[in-house]
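In the two complexes that follow, chain A is the common piece, with chain B as its partner first and chain C second.
And now, the complex of A and B:
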């Protein structure tokens, strides 16, 4: 368990898993077909875009920065896949293209934040708007066509039992657990926890932040690719509602928006919660607008429980000053 | 003559209009500890940062073992053989001790991952090697007490096998100084050179043969320690005599009057049945080792810490002081412990920092009248020796001592009758300390009352009329007048003389 202690026990993520299981249980009880392969595949398909986007966002949030550019990148990726995956680039070329586009946007974000010292919130609002504009330039109205290889290959089941989405999610989580043990992974936590101390400890704060923006951008590109597979077409405005859900997934998953605590695992579960909740409420026959009420409440509960330990820690640390005697100790 | 290791020539650095270092030159020999003294803002930290690669000097040259030394980063400085234990501690709070010790380049295993087991194994070996086997490598740094964190910080600097070690106030939170002194003796034998920054003269005398004193960014003294008296050193640091440091003044206490602040049987978390009466004109000291209830007590008196029972009376009237605002209205003002986070508003000017509690009084029709604000503030700043030209400056441009003067001026401007001072001279230079002492004397002379906690025993002994000693959250004893000595306070505070003197009197 040395790894777990090193990265601080992820209490928030554990709570998120618990909430997920409870909701899934309620969903499974009230909807008989919920445990079928078809229903599970459908659930995971609905989750995966948000999960991958939130995973990318988590990296930036862990360093203590903001990144709102995600939905812009997803929009560009979606229209690029819809206009090029059938034709010039093919399914693989389109994947490479959207990952590169995402990384490039991340590089711009990172350079503006790290190189010029601008505030990440403002910078990424700017790039988000610009990216959404670019998406409209590429494809002015919903349309286009997504290659069947993408649309079918990423949404079905392998041998009719294992959902492709499950394989991707497991892959992402494994990638994360490996990544968290790299020097860069540790540096991300260190920078988010105390930037000054990280710098004095010899870590390269600027490089670390720049890389997280680039990695996050690439993840948004992948999320856009998966979104295209789900919808089968291009829509420059398809990702409009995503932004707050990405942040909600990160927060519900126990990652501190101030940086330094949390992880991708929690965010993926957080994305899962937001999706399974819709299914659960639908199965219970609740009107759709209750979903928002519930999402909000769940986020607040997750924040409250996740912060209990922080509050307690803060109280414990409030000791008096240490004794300093001007004379040597007797 | 031992070989020269570090040579600094005409080093200069300025930040905007502030000259931090001006043509500082000195040399450091192998196997030598050299003390570095100076008031806050004298340039010690800038010198340390320039040597450790955090800031680059504007002019001047540093030579390390004869080669030009221009570190581009702290990693570069480490590589070249200079490592630093910083005063503000450079440990990452959310990571474990083991990971912190391994930064920035944690050991990787065959497939390029950082191995938790390897990290812990190395950390265990390092900690044991430096006499800190009691620290657990897997503990997260921000769950550790400050003193333990400081030990880890020191060990990390030592473990990099430097040829030059910079220790910046390494004992500020340390409970066992002998541990550090032992390590210093050990690395000296290996030929390491140490620059030792401190405020504490006894440490300089214990460790250093030579010391350098900085004042206003310039080197004013570089001399053998044995040739200097404490007064010589104080005088060089402050630029004037420090003999008047403690003016013996007759007590202004009026024991017959109604107590300015009276607490009876206060109980709460960290407070066990604490009672005292603070008379007008009195400086009542509070002593206690770390975590013996002084923090909760001071906060509880202005409603920042919940009380389960007890009664507080201000000037004879029972009051529920359940918030600092109510306390302030009753004339009771707390000057808190953490100046940076609880004392100052760092984005405001100095004058705004002082006038903030009385802003209503100088804002007819809700618009601030700058002239009236200034008039009001100018009435109190002479009491704390805060120069008038500091008022328009951002408070963060001021030295720690001047910031503290501003915080005290804010307490005075509301017309407080009872000040609760929690370690007001911590991190404050000698000159500012004297100003604070003078202000305290003048305040009680005019009939005010002060409850005064300090981590420095000699302050308590010299300034207070009486002193309450806390031990395990209750008052272990009270000493006053002639009986007030550092030895007695210390023995009460460590629980040794718990039964001896329940109330003043007698000699130890």
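And now, the complex of A and C:
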């Protein structure tokens, strides 16, 4: 994939933005208070945990690997914040701790996948189960207390106008746009597009993959920190339903699960879609089960349209070569 | 299988036998090792729980493994094609819920309710297969999306019904005995034979391997790729449905999320059994061994009477350990055959 193609905003992400805008419009029309600062803050607060977790997952997915350990790390981070942010560690100590824990889990994942050559899909099931166990050992039942600095500071508004969540999301996106142009950022796309070619042209494939697992783990740690800020308490099972939606956010955002195509921007928008959809359906008075039905259908729509554009692109470039995204490269 | 094994029986020296077995079918050795590990776990259960007999432990492990044994056959077929089925948990839950709604706790309607439920589950699998084979949606996303969608549909249909009673005949099937052996063990034996023959003894099975290891070569050869893909996913839906029926019978009250804990273990069972997620590799006996191993692990961990957290940690570590063992064994095997 040439540099120009890679830096062009992905088609899938553009579709995701379009879907988001349409849904937000429907939501804003059907509920008058939707455009108030309070409602927007609430919407972004609901989005941000999934957005940050999906952002981390995207890095691993871009290299063509799987990572199912996210919900385990989020669970650990949540209970660590709930047990230490008031007391020994304080709000900042707890943040450092959860980022380090996440990175450590990522390092273990990366070592097992890259160092020992195990299959990421299965290995991260193992680490996920073990992490959920660690969370349950730290806090066996829902409880604990999250420091007010975290709970209020991350869910409020700056000067009553700008939601803190918006600042965080913009910060993450800016970080991503810079990161995508660094050596590592470019290497991630190269490894995901064609691992052999990337290796042959001198990239350290193993190091790249290892680092994406570590960065993803740190992102899950942050997501768990933000989750604690939202809920104000610890629950070792709070993140159980999260896994499928993390992948859904990544897929809706136009990132190919075969690697090499997509980006964090799309995943953040994808997380936004999954959240604004709930608000929209609620505002329209639809029963809550429609949310699931819609999530599934929107995933397919976003992906199908994205696929069509990629198909066209490849056909133009290769003259009708068959497209096989379903099978990851060996 | 039996035909391939036959020559090894005449060998006398164990080392030669082993080398020969590895040459004859290198995939059988890992299966034996995984089954041996499962046996060790069952013996460990017996030691930890001296009051029970070994046969009791064995039958407990086998009876609770039936859900995984059945559901991971379908998962194995999709992984063999280089795909995956993430809708298994939801389909199993829908199946359990549907059978209990249709029968309403009575045996009378079972003769038509069971085929209707299984047809519905196979249809969901077929939709997955159609999306993957014809619309070229990646399997991970297709099955994830259909799982989320159909969960919503199920939620809509069953809103307000948290738990449903299950027909007594289904409960009797899971708790009954015949000649002193629990009925589920006969079911497992029958299922394993049929599944192994389908995957490793029929033309369709071999064609699935061909597609999994090289889709382009398979299409050049003129194999019916779309048809076989749809078949594999439909079978996966069907197996998930059967699993759901059995789960409903076992737990005597169905809920929509009853199948959720089944999804990730099916993937783990297939991979522990020696399959590669890129497709084209792995035999059903391996998946079966993986399922038995996970079930034995679950049993021994339960007997340890530890907190849920410690159980999870041990389970996670052992799953990773099993993968590790398996990958090293592949390396060792390759060294032997060179």
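Methods note: the second predicted complex is superposed on the first by the 304 of 330 C-alpha atoms of A that agree within 3 Å, B and C clash if a C-alpha of one lies under 4 Å from a C-alpha of the other, contacts with A are read in each partner's own complex, and residues count from 1 in each chain.
In this section, a contact is a pair of C-beta atoms (placed from the backbone, for glycine too) under 8 Å apart; a residue touches a chain by one contact, two chains touch by 3 or more.
Note that the structure is predicted; figures quoted are calculated from it, not measured.
A.B. asks: Tell me which of chain B and chain C touches more residues of chain A.
C.D. replies: Counted on chain A, the partner with more touching residues turns out to be C.
A.B. asks: For A:117 in the superposed arrangement: first (chain B), second (chain C), both or neither?
C.D. replies: second
A.B. asks: Should A:295 be classified as contacting the first partner (chain B), the second (chain C), both, or neither?
C.D. replies: After superposition on chain A, A:295 lies in contact with chain C alone.
A.B. asks: In the superposed arrangement, which partner chain does A:141 touch: chain B (first), chain C (second), both, or neither?
C.D. replies: neither
A.B. asks: Classify the contacts of A:194 with the two partner chains as first (chain B alone), second (chain C alone), both, or neither.
C.D. replies: In the superposition, A:194 touches chain B alone.
A.B. asks: Between chain B (first) and chain C (second), which does A:182 come into contact with in this model arrangement: first, second, both, or neither?
C.D. replies: first
A.B. asks: Where does A:284 make contact in the superposed view: on chain B (first), on chain C (second), on both, or on neither?
C.D. replies: Neither partner.
A.B. asks: Do chain B and chain C land on any of the same chain A residues, and which?
C.D. replies: Overlap of chain B and chain C footprints on chain A: residues 322-330.
A.B. asks: Along chain B, where are the residues that touch chain A in the complex?
C.D. replies: Within the complex, chain B touches chain A at residues 54, 73-75, 78, 86, 88-96, 98-100, 103-106, 108, 112-117, 119-120, 138, 140, 142-143, 145-147, 172-175, 177, 200-202, 206, 288-295, 337, 422-423, 426, 453, 455-458, 486-487, 490-491, 493.
A.B. asks: Which residues of chain C touch chain A in their complex?
C.D. replies: Per the stated touch rule, the residues are 82-84, 86, 131-132, 135-142, 144-153, 155-156, 159, 215-216, 219, 264, 267-268, 271-272, 276-279, 307-317, 319-320, 323-324, 327.
A.B. asks: Chain C touches which residues of chain A in the complex?
C.D. replies: My answer: residues 68, 112, 116-119, 121-123, 125-138, 140, 236, 244, 247-248, 251, 256-258, 287-297, 299-300, 303-304, 307, 311, 322-330.
A.B. asks: Across the complex, what residues on chain A touch chain B?
C.D. replies: Where chain A meets chain B, its residues are 2-3, 5-6, 8, 178, 181-183, 185-187, 189-190, 192-194, 196-204, 260-261, 313, 316-330.
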